[in-house]
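Got a structure here, written out as C-alpha coordinates. Questions coming.
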Amino acid sequence: MRRIGVIGAGLCDDRIYELAYTVGQMVAERGAILYCGGLGGVMEASAKGACSKGGLTVGIIPGVKASEANDYIKIPIVTGMGHARNVILVRSCEALIAISGSHGTLSEIALALKMWKPVIGLHTWKDIPEVHYVETAKDAVEKAFSLLP
Amino acid sequence: MRRIGVIGAGLCDDRIYELAYTVGQMVAERGAILYCGGLGGVMEASAKGACSKGGLTVGIIPGVKASEANDYIKIPIVTGMGHARNVILVRSCEALIAISGSHGTLSEIALALKMWKPVIGLHTWKDIPEVHYVETAKDAVEKAFSLLP
Amino acid sequence: MRRIGVIGAGLCDDRIYELAYTVGQMVAERGAILYCGGLGGVMEASAKGACSKGGLTVGIIPGVKASEANDYIKIPIVTGMGHARNVILVRSCEALIAISGSHGTLSEIALALKMWKPVIGLHTWKDIPEVHYVETAKDAVEKAFSLLP
Amino acid sequence: MRRIGVIGAGLCDDRIYELAYTVGQMVAERGAILYCGGLGGVMEASAKGACSKGGLTVGIIPGVKASEANDYIKIPIVTGMGHARNVILVRSCEALIAISGSHGTLSEIALALKMWKPVIGLHTWKDIPEVHYVETAKDAVEKAFSLLP
(Lines give C-alpha, C1' and ligand atoms only; values in the text may rest on other atoms or scores of the structure.)
Protein backbone atom coordinates (compact mmCIF):
# COMPACT_ATOMS: atom_id res chain seq x y z
CA MET A 1 0.00 0.00 0.00
CA ARG A 2 1.05 3.56 -0.66
CA ARG A 3 2.26 5.71 2.23
CA ILE A 4 1.25 9.37 2.39
CA GLY A 5 2.31 11.65 5.21
CA VAL A 6 0.33 14.61 6.45
CA ILE A 7 2.33 17.17 8.42
CA GLY A 8 1.10 20.33 10.10
CA ALA A 9 0.34 22.22 13.24
CA GLY A 10 -0.64 20.53 16.49
CA LEU A 11 -3.11 23.34 17.05
CA CYS A 12 -5.20 24.80 14.25
CA ASP A 13 -8.39 26.71 13.48
CA ASP A 14 -11.56 25.14 12.11
CA ARG A 15 -10.82 25.95 8.49
CA ILE A 16 -7.45 24.19 8.59
CA TYR A 17 -8.92 21.28 10.58
CA GLU A 18 -11.57 20.83 7.89
CA LEU A 19 -8.94 20.97 5.15
CA ALA A 20 -6.80 18.32 6.86
CA TYR A 21 -9.87 16.17 7.49
CA THR A 22 -10.73 16.24 3.79
CA VAL A 23 -7.15 15.42 2.83
CA GLY A 24 -7.27 12.44 5.19
CA GLN A 25 -10.51 11.23 3.67
CA MET A 26 -9.13 11.41 0.15
CA VAL A 27 -5.89 9.67 1.08
CA ALA A 28 -7.90 6.78 2.53
CA GLU A 29 -10.32 6.67 -0.42
CA ARG A 30 -7.34 6.15 -2.71
CA GLY A 31 -6.22 3.23 -0.58
CA ALA A 32 -3.07 4.70 0.91
CA ILE A 33 -1.96 4.47 4.51
CA LEU A 34 -1.96 7.85 6.23
CA TYR A 35 1.14 8.60 8.31
CA CYS A 36 1.27 11.54 10.68
CA GLY A 37 2.84 12.74 13.92
CA GLY A 38 -0.05 11.32 15.95
CA LEU A 39 -0.94 14.39 18.04
CA GLY A 40 -3.65 17.07 17.70
CA GLY A 41 -4.63 19.69 15.15
CA VAL A 42 -3.77 18.80 11.57
CA MET A 43 -2.52 15.39 12.70
CA GLU A 44 -5.78 14.53 14.39
CA ALA A 45 -7.95 15.97 11.63
CA SER A 46 -6.24 14.03 8.86
CA ALA A 47 -6.33 10.78 10.85
CA LYS A 48 -10.00 11.34 11.67
CA GLY A 49 -10.76 11.90 8.00
CA ALA A 50 -8.89 8.74 7.00
CA CYS A 51 -10.71 6.70 9.66
CA SER A 52 -14.08 8.00 8.41
CA LYS A 53 -13.31 6.24 5.15
CA GLY A 54 -12.01 3.07 6.77
CA GLY A 55 -8.37 3.89 6.16
CA LEU A 56 -5.30 2.85 8.12
CA THR A 57 -3.60 5.54 10.20
CA VAL A 58 -0.10 5.51 11.63
CA GLY A 59 0.91 8.02 14.31
CA ILE A 60 4.62 8.41 14.96
CA ILE A 61 4.58 10.13 18.31
CA PRO A 62 7.35 12.04 20.08
CA GLY A 63 6.60 10.99 23.66
CA VAL A 64 6.90 7.77 25.62
CA LYS A 65 3.26 6.73 25.92
CA ALA A 66 0.96 5.32 23.27
CA SER A 67 -1.90 7.09 25.00
CA GLU A 68 -0.42 10.36 23.76
CA ALA A 69 -1.73 9.48 20.29
CA ASN A 70 -5.01 11.00 19.17
CA ASP A 71 -8.14 8.84 19.04
CA TYR A 72 -7.89 8.16 15.32
CA ILE A 73 -4.47 6.53 15.29
CA LYS A 74 -4.78 2.81 14.63
CA ILE A 75 -1.05 2.09 14.64
CA PRO A 76 0.90 4.07 17.24
CA ILE A 77 4.68 4.19 16.95
CA VAL A 78 6.04 5.34 20.27
CA THR A 79 9.45 6.82 19.66
CA GLY A 80 10.29 8.59 22.92
CA MET A 81 12.62 10.69 20.76
CA GLY A 82 10.95 14.09 20.70
CA HIS A 83 11.44 16.02 17.48
CA ALA A 84 13.67 13.29 16.06
CA ARG A 85 10.42 11.50 15.32
CA ASN A 86 9.98 14.03 12.51
CA VAL A 87 12.83 12.33 10.67
CA ILE A 88 11.21 8.91 11.00
CA LEU A 89 7.86 10.21 9.84
CA VAL A 90 9.34 11.82 6.76
CA ARG A 91 11.48 8.81 5.94
CA SER A 92 8.56 6.40 6.19
CA CYS A 93 6.41 8.22 3.60
CA GLU A 94 6.50 8.30 -0.18
CA ALA A 95 5.07 11.82 -0.38
CA LEU A 96 4.09 14.44 2.16
CA ILE A 97 1.32 16.99 2.32
CA ALA A 98 2.11 20.00 4.52
CA ILE A 99 -0.92 21.87 5.85
CA SER A 100 -0.43 25.10 7.76
CA GLY A 101 2.09 24.51 10.55
CA SER A 102 4.91 26.27 12.31
CA HIS A 103 8.57 25.47 12.95
CA GLY A 104 8.04 21.74 13.44
CA THR A 105 6.33 21.53 10.09
CA LEU A 106 9.07 23.60 8.47
CA SER A 107 11.63 21.12 9.80
CA GLU A 108 9.64 18.27 8.26
CA ILE A 109 9.34 20.03 4.91
CA ALA A 110 13.10 20.63 4.90
CA LEU A 111 13.90 17.05 5.89
CA ALA A 112 11.56 15.71 3.22
CA LEU A 113 13.23 17.81 0.51
CA LYS A 114 16.64 16.73 1.84
CA MET A 115 15.51 13.11 1.33
CA TRP A 116 14.14 13.88 -2.16
CA LYS A 117 10.55 13.19 -1.16
CA PRO A 118 7.77 15.11 -2.95
CA VAL A 119 6.23 17.77 -0.72
CA ILE A 120 2.84 19.35 -1.41
CA GLY A 121 2.17 22.67 0.31
CA LEU A 122 -1.33 23.72 1.35
CA HIS A 123 -1.58 27.04 3.22
CA THR A 124 1.83 26.41 4.75
CA TRP A 125 5.33 27.98 4.71
CA LYS A 126 5.61 29.93 1.46
CA ASP A 127 8.18 30.26 -1.27
CA ILE A 128 10.26 27.19 -0.49
CA PRO A 129 11.80 26.04 -3.77
CA GLU A 130 10.76 22.50 -4.75
CA VAL A 131 7.56 22.51 -2.70
CA HIS A 132 4.51 21.95 -4.89
CA TYR A 133 2.00 24.54 -3.78
CA VAL A 134 -1.73 23.92 -4.25
CA GLU A 135 -4.92 25.57 -3.03
CA THR A 136 -7.37 22.76 -2.27
CA ALA A 137 -7.45 19.42 -0.48
CA LYS A 138 -8.36 17.71 -3.72
CA ASP A 139 -5.42 19.23 -5.59
CA ALA A 140 -3.08 18.32 -2.75
CA VAL A 141 -4.02 14.66 -2.78
CA GLU A 142 -4.02 14.42 -6.56
CA LYS A 143 -0.63 16.07 -6.76
CA ALA A 144 0.79 13.80 -4.05
CA PHE A 145 -0.35 10.65 -5.83
CA SER A 146 0.86 11.94 -9.20
CA LEU A 147 4.35 12.36 -7.74
CA LEU A 148 4.68 8.96 -6.09
CA PRO A 149 7.85 7.13 -7.06
CA MET B 1 -5.94 -2.96 19.22
CA ARG B 2 -3.33 -4.68 21.32
CA ARG B 3 0.34 -4.40 20.30
CA ILE B 4 2.61 -7.44 20.63
CA GLY B 5 6.26 -7.36 19.64
CA VAL B 6 8.21 -10.34 18.39
CA ILE B 7 11.99 -10.00 18.64
CA GLY B 8 14.64 -12.44 17.51
CA ALA B 9 17.42 -13.32 15.15
CA GLY B 10 17.58 -12.05 11.58
CA LEU B 11 18.84 -15.46 10.55
CA CYS B 12 17.44 -18.68 12.00
CA ASP B 13 17.02 -22.39 11.36
CA ASP B 14 13.77 -24.04 10.26
CA ARG B 15 12.67 -25.01 13.74
CA ILE B 16 12.90 -21.45 15.04
CA TYR B 17 11.30 -20.10 11.85
CA GLU B 18 8.35 -22.43 12.38
CA LEU B 19 8.06 -21.40 16.03
CA ALA B 20 8.04 -17.71 15.14
CA TYR B 21 5.53 -18.34 12.35
CA THR B 22 3.17 -20.02 14.81
CA VAL B 23 3.59 -17.21 17.31
CA GLY B 24 2.72 -14.72 14.57
CA GLN B 25 -0.40 -16.68 13.64
CA MET B 26 -1.62 -16.79 17.22
CA VAL B 27 -0.94 -13.10 17.81
CA ALA B 28 -3.08 -12.27 14.75
CA GLU B 29 -5.81 -14.74 15.71
CA ARG B 30 -6.17 -12.92 19.00
CA GLY B 31 -6.61 -9.66 17.14
CA ALA B 32 -3.39 -7.94 18.12
CA ILE B 33 -1.09 -6.00 15.84
CA LEU B 34 2.28 -7.70 15.42
CA TYR B 35 5.29 -5.38 15.70
CA CYS B 36 8.76 -6.51 14.72
CA GLY B 37 12.07 -5.28 13.36
CA GLY B 38 10.94 -5.88 9.78
CA LEU B 39 13.90 -7.88 8.49
CA GLY B 40 14.49 -11.64 8.01
CA GLY B 41 14.53 -14.76 10.20
CA VAL B 42 12.28 -14.54 13.24
CA MET B 43 11.01 -11.14 12.11
CA GLU B 44 9.94 -12.45 8.73
CA ALA B 45 8.51 -15.70 10.10
CA SER B 46 6.32 -14.00 12.68
CA ALA B 47 5.06 -11.43 10.18
CA LYS B 48 4.32 -14.18 7.67
CA GLY B 49 2.38 -16.10 10.28
CA ALA B 50 0.37 -13.01 11.23
CA CYS B 51 -0.39 -12.26 7.56
CA SER B 52 -1.60 -15.85 7.05
CA LYS B 53 -4.33 -15.07 9.55
CA GLY B 54 -5.15 -11.66 8.13
CA GLY B 55 -3.33 -9.74 10.84
CA LEU B 56 -1.69 -6.35 10.71
CA THR B 57 2.10 -6.29 10.75
CA VAL B 58 4.39 -3.37 11.56
CA GLY B 59 8.09 -3.51 10.69
CA ILE B 60 10.32 -0.92 12.34
CA ILE B 61 13.38 -1.13 10.16
CA PRO B 62 16.91 0.11 10.81
CA GLY B 63 17.82 1.25 7.30
CA VAL B 64 16.71 4.07 5.05
CA LYS B 65 14.58 2.23 2.51
CA ALA B 66 11.13 0.74 2.92
CA SER B 67 12.14 -1.97 0.46
CA GLU B 68 14.41 -3.35 3.17
CA ALA B 69 11.31 -4.68 4.93
CA ASN B 70 10.37 -8.31 4.40
CA ASP B 71 7.41 -9.19 2.19
CA TYR B 72 4.99 -9.62 5.08
CA ILE B 73 5.27 -6.14 6.53
CA LYS B 74 2.11 -4.16 5.85
CA ILE B 75 3.19 -1.03 7.71
CA PRO B 76 6.87 -0.19 7.30
CA ILE B 77 8.41 2.36 9.63
CA VAL B 78 11.66 3.52 8.10
CA THR B 79 13.83 4.86 10.88
CA GLY B 80 17.26 5.22 9.25
CA MET B 81 18.58 4.93 12.81
CA GLY B 82 20.26 1.54 12.89
CA HIS B 83 20.07 -0.23 16.23
CA ALA B 84 18.28 2.72 17.81
CA ARG B 85 15.21 1.35 16.11
CA ASN B 86 15.27 -1.38 18.78
CA VAL B 87 14.26 1.24 21.33
CA ILE B 88 11.31 2.38 19.22
CA LEU B 89 10.15 -1.18 18.65
CA VAL B 90 10.24 -2.02 22.33
CA ARG B 91 8.56 1.23 23.34
CA SER B 92 5.72 0.75 20.86
CA CYS B 93 4.68 -2.67 22.21
CA GLU B 94 2.66 -3.71 25.26
CA ALA B 95 4.47 -7.04 25.61
CA LEU B 96 7.34 -8.72 23.78
CA ILE B 97 8.05 -12.30 22.83
CA ALA B 98 11.77 -13.06 22.37
CA ILE B 99 12.54 -16.04 20.18
CA SER B 100 16.11 -17.22 19.84
CA GLY B 101 18.31 -14.30 18.85
CA SER B 102 21.74 -12.91 19.51
CA HIS B 103 23.10 -9.60 20.82
CA GLY B 104 20.47 -7.45 19.10
CA THR B 105 17.74 -9.48 20.74
CA LEU B 106 19.50 -9.27 24.08
CA SER B 107 19.56 -5.49 23.78
CA GLU B 108 15.82 -5.52 23.10
CA ILE B 109 15.10 -7.79 26.07
CA ALA B 110 17.13 -5.49 28.32
CA LEU B 111 15.46 -2.35 26.98
CA ALA B 112 12.03 -3.90 27.42
CA LEU B 113 12.75 -4.79 31.05
CA LYS B 114 14.16 -1.31 31.60
CA MET B 115 10.82 0.06 30.37
CA TRP B 116 8.85 -2.36 32.56
CA LYS B 117 7.36 -4.23 29.60
CA PRO B 118 6.57 -7.94 30.01
CA VAL B 119 9.06 -10.13 28.15
CA ILE B 120 8.33 -13.76 27.26
CA GLY B 121 11.37 -15.90 26.46
CA LEU B 122 11.21 -18.79 24.00
CA HIS B 123 14.50 -20.57 23.30
CA THR B 124 16.36 -17.30 23.80
CA TRP B 125 18.96 -15.82 26.21
CA LYS B 126 18.70 -17.77 29.45
CA ASP B 127 18.51 -16.88 33.11
CA ILE B 128 17.63 -13.22 32.81
CA PRO B 129 15.67 -12.29 35.92
CA GLU B 130 12.14 -11.04 35.14
CA VAL B 131 11.91 -12.77 31.76
CA HIS B 132 8.98 -15.20 31.65
CA TYR B 133 10.38 -18.35 30.10
CA VAL B 134 8.07 -20.75 28.22
CA GLU B 135 8.55 -23.75 25.95
CA THR B 136 5.92 -23.50 23.24
CA ALA B 137 4.49 -20.90 20.86
CA LYS B 138 1.08 -21.35 22.44
CA ASP B 139 2.40 -20.75 25.94
CA ALA B 140 4.33 -17.71 24.75
CA VAL B 141 1.30 -16.03 23.24
CA GLU B 142 -0.98 -16.93 26.15
CA LYS B 143 1.55 -15.60 28.63
CA ALA B 144 2.04 -12.41 26.65
CA PHE B 145 -1.68 -11.67 26.55
CA SER B 146 -2.10 -12.57 30.22
CA LEU B 147 0.49 -9.94 31.13
CA LEU B 148 -0.89 -7.08 29.06
CA PRO B 149 -1.38 -3.90 31.09
CA MET C 1 31.73 26.29 29.03
CA ARG C 2 29.33 27.84 26.54
CA ARG C 3 28.12 25.74 23.63
CA ILE C 4 27.75 27.36 20.19
CA GLY C 5 26.58 25.42 17.15
CA VAL C 6 27.58 26.20 13.60
CA ILE C 7 25.30 24.76 10.93
CA GLY C 8 25.64 24.96 7.18
CA ALA C 9 26.36 23.27 3.90
CA GLY C 10 28.58 20.21 3.60
CA LEU C 11 29.92 21.71 0.39
CA CYS C 12 30.67 25.41 -0.03
CA ASP C 13 32.70 27.93 -2.00
CA ASP C 14 35.84 29.65 -0.71
CA ARG C 15 34.05 32.77 0.47
CA ILE C 16 31.67 30.80 2.70
CA TYR C 17 34.49 28.55 3.89
CA GLU C 18 36.44 31.62 4.96
CA LEU C 19 33.40 33.05 6.72
CA ALA C 20 32.81 29.81 8.65
CA TYR C 21 36.50 29.59 9.50
CA THR C 22 36.43 33.07 11.00
CA VAL C 23 33.26 32.28 12.94
CA GLY C 24 34.96 29.19 14.35
CA GLN C 25 38.01 31.20 15.38
CA MET C 26 35.91 33.77 17.19
CA VAL C 27 33.81 31.16 18.96
CA ALA C 28 36.99 29.55 20.29
CA GLU C 29 38.56 32.87 21.23
CA ARG C 30 35.56 33.59 23.40
CA GLY C 31 36.07 30.27 25.16
CA ALA C 32 33.02 28.41 23.91
CA ILE C 33 32.90 24.84 22.65
CA LEU C 34 32.06 24.65 18.96
CA TYR C 35 29.45 22.04 18.03
CA CYS C 36 28.78 21.09 14.43
CA GLY C 37 27.67 18.21 12.22
CA GLY C 38 31.24 17.00 11.84
CA LEU C 39 31.41 16.69 8.04
CA GLY C 40 32.81 18.97 5.30
CA GLY C 41 32.19 22.48 4.04
CA VAL C 42 30.95 24.90 6.69
CA MET C 43 31.29 22.19 9.35
CA GLU C 44 34.94 21.61 8.55
CA ALA C 45 35.77 25.28 8.14
CA SER C 46 34.29 26.29 11.48
CA ALA C 47 35.99 23.40 13.29
CA LYS C 48 39.29 24.24 11.61
CA GLY C 49 38.95 27.85 12.70
CA ALA C 50 38.18 26.82 16.28
CA CYS C 51 41.17 24.46 16.36
CA SER C 52 43.46 27.21 15.08
CA LYS C 53 42.67 29.06 18.30
CA GLY C 54 42.99 26.01 20.53
CA GLY C 55 39.26 25.52 20.92
CA LEU C 56 37.31 22.36 21.59
CA THR C 57 35.27 20.99 18.68
CA VAL C 58 32.42 18.50 18.81
CA GLY C 59 31.19 16.78 15.63
CA ILE C 60 27.84 15.04 15.82
CA ILE C 61 28.00 12.85 12.77
CA PRO C 62 25.22 11.05 10.92
CA GLY C 63 27.06 7.87 9.96
CA VAL C 64 28.39 4.89 11.85
CA LYS C 65 32.13 5.55 11.79
CA ALA C 66 34.13 8.11 13.72
CA SER C 67 36.47 8.34 10.74
CA GLU C 68 33.66 10.09 8.87
CA ALA C 69 34.40 13.19 10.97
CA ASN C 70 36.58 15.91 9.47
CA ASP C 71 40.17 16.34 10.68
CA TYR C 72 39.35 19.17 13.07
CA ILE C 73 36.84 17.33 15.24
CA LYS C 74 38.31 16.60 18.64
CA ILE C 75 35.19 14.98 20.09
CA PRO C 76 33.29 12.81 17.61
CA ILE C 77 29.77 11.74 18.49
CA VAL C 78 28.85 8.85 16.25
CA THR C 79 25.09 8.69 16.05
CA GLY C 80 24.42 6.29 13.18
CA MET C 81 21.07 8.06 12.93
CA GLY C 82 21.35 10.02 9.69
CA HIS C 83 19.48 13.31 9.68
CA ALA C 84 18.15 12.69 13.19
CA ARG C 85 21.57 13.82 14.32
CA ASN C 86 20.44 17.33 13.40
CA VAL C 87 18.04 17.22 16.34
CA ILE C 88 20.82 16.22 18.74
CA LEU C 89 23.13 18.92 17.43
CA VAL C 90 20.51 21.62 17.84
CA ARG C 91 19.48 20.41 21.29
CA SER C 92 23.04 20.34 22.56
CA CYS C 93 23.75 24.01 21.75
CA GLU C 94 22.81 27.23 23.50
CA ALA C 95 22.79 29.26 20.28
CA LEU C 96 23.29 28.43 16.61
CA ILE C 97 24.92 30.27 13.74
CA ALA C 98 23.62 29.24 10.32
CA ILE C 99 25.96 29.90 7.41
CA SER C 100 24.79 29.31 3.87
CA GLY C 101 23.34 25.80 3.63
CA SER C 102 20.54 23.96 1.92
CA HIS C 103 17.67 21.78 3.12
CA GLY C 104 19.59 20.13 5.96
CA THR C 105 20.47 23.54 7.34
CA LEU C 106 16.89 24.70 6.94
CA SER C 107 15.75 21.72 9.00
CA GLU C 108 18.24 22.66 11.72
CA ILE C 109 17.14 26.30 11.73
CA ALA C 110 13.52 25.18 12.06
CA LEU C 111 14.31 22.70 14.82
CA ALA C 112 16.31 25.31 16.71
CA LEU C 113 13.45 27.80 16.57
CA LYS C 114 11.05 25.04 17.62
CA MET C 115 13.24 24.51 20.69
CA TRP C 116 13.44 28.27 21.38
CA LYS C 117 17.16 28.47 20.70
CA PRO C 118 18.59 31.72 19.29
CA VAL C 119 19.51 31.38 15.61
CA ILE C 120 21.86 33.78 13.84
CA GLY C 121 21.64 33.82 10.04
CA LEU C 122 24.66 34.60 7.86
CA HIS C 123 24.10 34.33 4.09
CA THR C 124 21.60 31.56 4.67
CA TRP C 125 17.85 30.92 4.14
CA LYS C 126 16.17 34.33 4.07
CA ASP C 127 13.12 35.86 5.67
CA ILE C 128 12.52 33.29 8.38
CA PRO C 129 10.81 35.09 11.25
CA GLU C 130 12.80 34.96 14.50
CA VAL C 131 16.16 34.38 12.80
CA HIS C 132 18.64 37.15 13.63
CA TYR C 133 20.23 38.08 10.33
CA VAL C 134 23.71 39.58 10.26
CA GLU C 135 26.28 40.32 7.56
CA THR C 136 29.68 39.50 9.04
CA ALA C 137 31.35 36.73 11.04
CA LYS C 138 32.06 39.20 13.82
CA ASP C 139 28.45 40.29 14.06
CA ALA C 140 27.29 36.67 14.01
CA VAL C 141 29.45 35.65 16.94
CA GLU C 142 28.70 38.78 18.94
CA LYS C 143 25.00 38.36 18.38
CA ALA C 144 25.13 34.67 19.34
CA PHE C 145 26.90 35.41 22.62
CA SER C 146 24.60 38.33 23.39
CA LEU C 147 21.61 35.99 23.12
CA LEU C 148 22.91 33.18 25.31
CA PRO C 149 20.46 32.18 28.02
CA MET D 1 42.46 10.92 21.14
CA ARG D 2 41.19 7.54 22.22
CA ARG D 3 37.54 7.20 23.27
CA ILE D 4 36.66 4.95 26.20
CA GLY D 5 33.10 4.50 27.42
CA VAL D 6 32.13 3.73 30.98
CA ILE D 7 28.66 2.28 31.42
CA GLY D 8 26.87 1.36 34.62
CA ALA D 9 24.15 2.05 37.11
CA GLY D 10 22.76 5.51 37.76
CA LEU D 11 22.62 4.63 41.43
CA CYS D 12 25.36 2.68 43.18
CA ASP D 13 26.95 1.98 46.55
CA ASP D 14 30.23 3.47 47.74
CA ARG D 15 32.35 0.52 46.69
CA ILE D 16 31.16 0.69 43.08
CA TYR D 17 31.41 4.48 43.08
CA GLU D 18 35.03 4.22 44.16
CA LEU D 19 35.74 1.61 41.50
CA ALA D 20 34.23 3.77 38.77
CA TYR D 21 36.11 6.81 40.06
CA THR D 22 39.40 4.94 39.81
CA VAL D 23 38.57 3.72 36.31
CA GLY D 24 37.85 7.31 35.29
CA GLN D 25 41.15 8.49 36.70
CA MET D 26 43.10 5.85 34.83
CA VAL D 27 41.30 6.50 31.56
CA ALA D 28 42.25 10.18 31.82
CA GLU D 29 45.83 9.42 32.86
CA ARG D 30 46.23 7.43 29.68
CA GLY D 31 45.04 10.41 27.68
CA ALA D 32 41.71 9.06 26.46
CA ILE D 33 38.42 10.92 26.41
CA LEU D 34 35.89 9.41 28.81
CA TYR D 35 32.39 8.97 27.38
CA CYS D 36 29.43 8.10 29.58
CA GLY D 37 25.69 8.54 29.91
CA GLY D 38 26.13 11.76 31.86
CA LEU D 39 23.89 11.03 34.84
CA GLY D 40 24.61 9.81 38.41
CA GLY D 41 26.17 6.76 40.03
CA VAL D 42 28.82 5.06 37.91
CA MET D 43 28.50 7.78 35.26
CA GLU D 44 29.20 10.54 37.74
CA ALA D 45 31.96 8.66 39.53
CA SER D 46 33.90 7.88 36.37
CA ALA D 47 33.55 11.46 35.09
CA LYS D 48 34.64 12.82 38.45
CA GLY D 49 37.68 10.57 38.40
CA ALA D 50 38.60 11.67 34.89
CA CYS D 51 38.21 15.34 35.82
CA SER D 52 40.48 14.85 38.85
CA LYS D 53 43.23 14.00 36.38
CA GLY D 54 42.42 16.82 33.98
CA GLY D 55 40.69 14.56 31.47
CA LEU D 56 37.95 15.38 29.00
CA THR D 57 34.49 13.98 29.78
CA VAL D 58 31.55 13.57 27.42
CA GLY D 59 28.05 12.92 28.78
CA ILE D 60 25.46 11.69 26.29
CA ILE D 61 22.28 12.38 28.19
CA PRO D 62 18.79 11.01 27.60
CA GLY D 63 16.77 14.09 28.49
CA VAL D 64 16.25 17.49 26.92
CA LYS D 65 18.28 19.73 29.21
CA ALA D 66 22.05 20.06 29.51
CA SER D 67 21.57 20.75 33.20
CA GLU D 68 20.60 17.11 33.62
CA ALA D 69 24.28 16.22 33.22
CA ASN D 70 26.33 15.63 36.36
CA ASP D 71 28.83 18.26 37.49
CA TYR D 72 31.83 16.52 35.95
CA ILE D 73 30.65 16.49 32.35
CA LYS D 74 32.63 18.97 30.27
CA ILE D 75 30.93 18.17 26.96
CA PRO D 76 27.21 17.50 27.28
CA ILE D 77 25.41 15.93 24.34
CA VAL D 78 21.72 16.51 24.80
CA THR D 79 19.87 13.86 22.84
CA GLY D 80 16.29 14.13 24.07
CA MET D 81 15.99 10.53 22.91
CA GLY D 82 15.70 8.56 26.15
CA HIS D 83 17.26 5.12 26.03
CA ALA D 84 18.17 5.52 22.36
CA ARG D 85 21.07 7.57 23.66
CA ASN D 86 22.59 4.25 24.75
CA VAL D 87 23.12 3.42 21.08
CA ILE D 88 24.92 6.71 20.45
CA LEU D 89 27.12 6.27 23.50
CA VAL D 90 28.16 2.78 22.48
CA ARG D 91 28.76 3.77 18.87
CA SER D 92 30.94 6.72 19.81
CA CYS D 93 33.42 4.65 21.85
CA GLU D 94 36.29 2.39 20.85
CA ALA D 95 35.95 0.18 23.92
CA LEU D 96 33.55 0.06 26.86
CA ILE D 97 33.98 -0.75 30.52
CA ALA D 98 30.79 -1.97 32.21
CA ILE D 99 30.67 -1.51 35.98
CA SER D 100 27.80 -2.98 37.94
CA GLY D 101 24.52 -1.82 36.39
CA SER D 102 21.07 -3.10 35.67
CA HIS D 103 18.93 -3.44 32.55
CA GLY D 104 20.14 -0.23 30.92
CA THR D 105 23.71 -1.39 31.26
CA LEU D 106 22.80 -4.81 29.90
CA SER D 107 21.31 -3.15 26.83
CA GLU D 108 24.56 -1.22 26.34
CA ILE D 109 26.69 -4.35 26.72
CA ALA D 110 24.53 -6.12 24.15
CA LEU D 111 24.61 -3.20 21.73
CA ALA D 112 28.37 -2.91 22.07
CA LEU D 113 28.86 -6.60 21.29
CA LYS D 114 26.44 -6.27 18.37
CA MET D 115 28.69 -3.50 17.01
CA TRP D 116 31.85 -5.56 17.62
CA LYS D 117 33.19 -3.21 20.28
CA PRO D 118 35.35 -4.68 23.07
CA VAL D 119 33.48 -4.82 26.37
CA ILE D 120 35.23 -5.17 29.72
CA GLY D 121 33.08 -6.40 32.61
CA LEU D 122 33.73 -5.33 36.20
CA HIS D 123 31.23 -6.60 38.78
CA THR D 124 28.48 -6.46 36.20
CA TRP D 125 26.13 -8.90 34.36
CA LYS D 126 27.80 -12.30 34.42
CA ASP D 127 28.47 -15.02 31.90
CA ILE D 128 27.87 -13.06 28.72
CA PRO D 129 30.00 -14.64 26.03
CA GLU D 130 32.57 -12.24 24.54
CA VAL D 131 32.64 -9.93 27.56
CA HIS D 132 36.14 -9.69 29.03
CA TYR D 133 35.67 -10.06 32.77
CA VAL D 134 38.22 -8.54 35.16
CA GLU D 135 38.35 -7.93 38.90
CA THR D 136 40.04 -4.56 39.39
CA ALA D 137 39.87 -1.04 37.99
CA LYS D 138 43.47 -1.31 36.86
CA ASP D 139 42.84 -4.54 34.98
CA ALA D 140 39.74 -3.08 33.38
CA VAL D 141 41.54 -0.07 31.99
CA GLU D 142 44.57 -2.05 30.87
CA LYS D 143 42.36 -4.60 29.14
CA ALA D 144 40.32 -1.87 27.45
CA PHE D 145 43.40 -0.17 26.05
CA SER D 146 44.92 -3.48 24.97
CA LEU D 147 41.83 -4.18 22.89
CA LEU D 148 41.57 -0.84 21.11
CA PRO D 149 41.32 -1.17 17.35
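Details
Order of writing sets the labels: A, B, C and D. Residues in every chain begin at 1.
Here, a contact is a pair of C-beta atoms (placed from the backbone, for glycine too) under 8 Å apart; a residue touches a chain by one contact, two chains touch by 3 or more.
If you want to know which protein each chain is, UniProt gives these names: A, B, C, D = TIGR00725 family protein.
Note that the structure is predicted; figures quoted are calculated from it, not measured.
Seen from the Cα centre of subunit C, the chain whose own Cα centre is farthest off is B. Subunit A and subunit C have Cα centroids separated by 29 Å. Centre-to-centre separation between subunit A and subunit D, using Cα means, comes to 40 Å. Annotation for subunit B: residues touching 2 or more other chains are 64, 80-84, 87-88, 91. Taken pairwise by the contact criterion, the protein chains are fully connected, each one touching every other.
On the subunit A side of its complex with subunit C, the touching residues are 81-84, 86-88, 102-104, 106-107, 110-111, 113-115, 127-128. Residues 1, 3, 33, 56, 58, 60, 64, 66, 74-81, 87-88, 91-92, 94 of subunit A are the ones touching subunit B in the complex. Note for the complex: subunit C touches subunit B at residues 64, 80-84.
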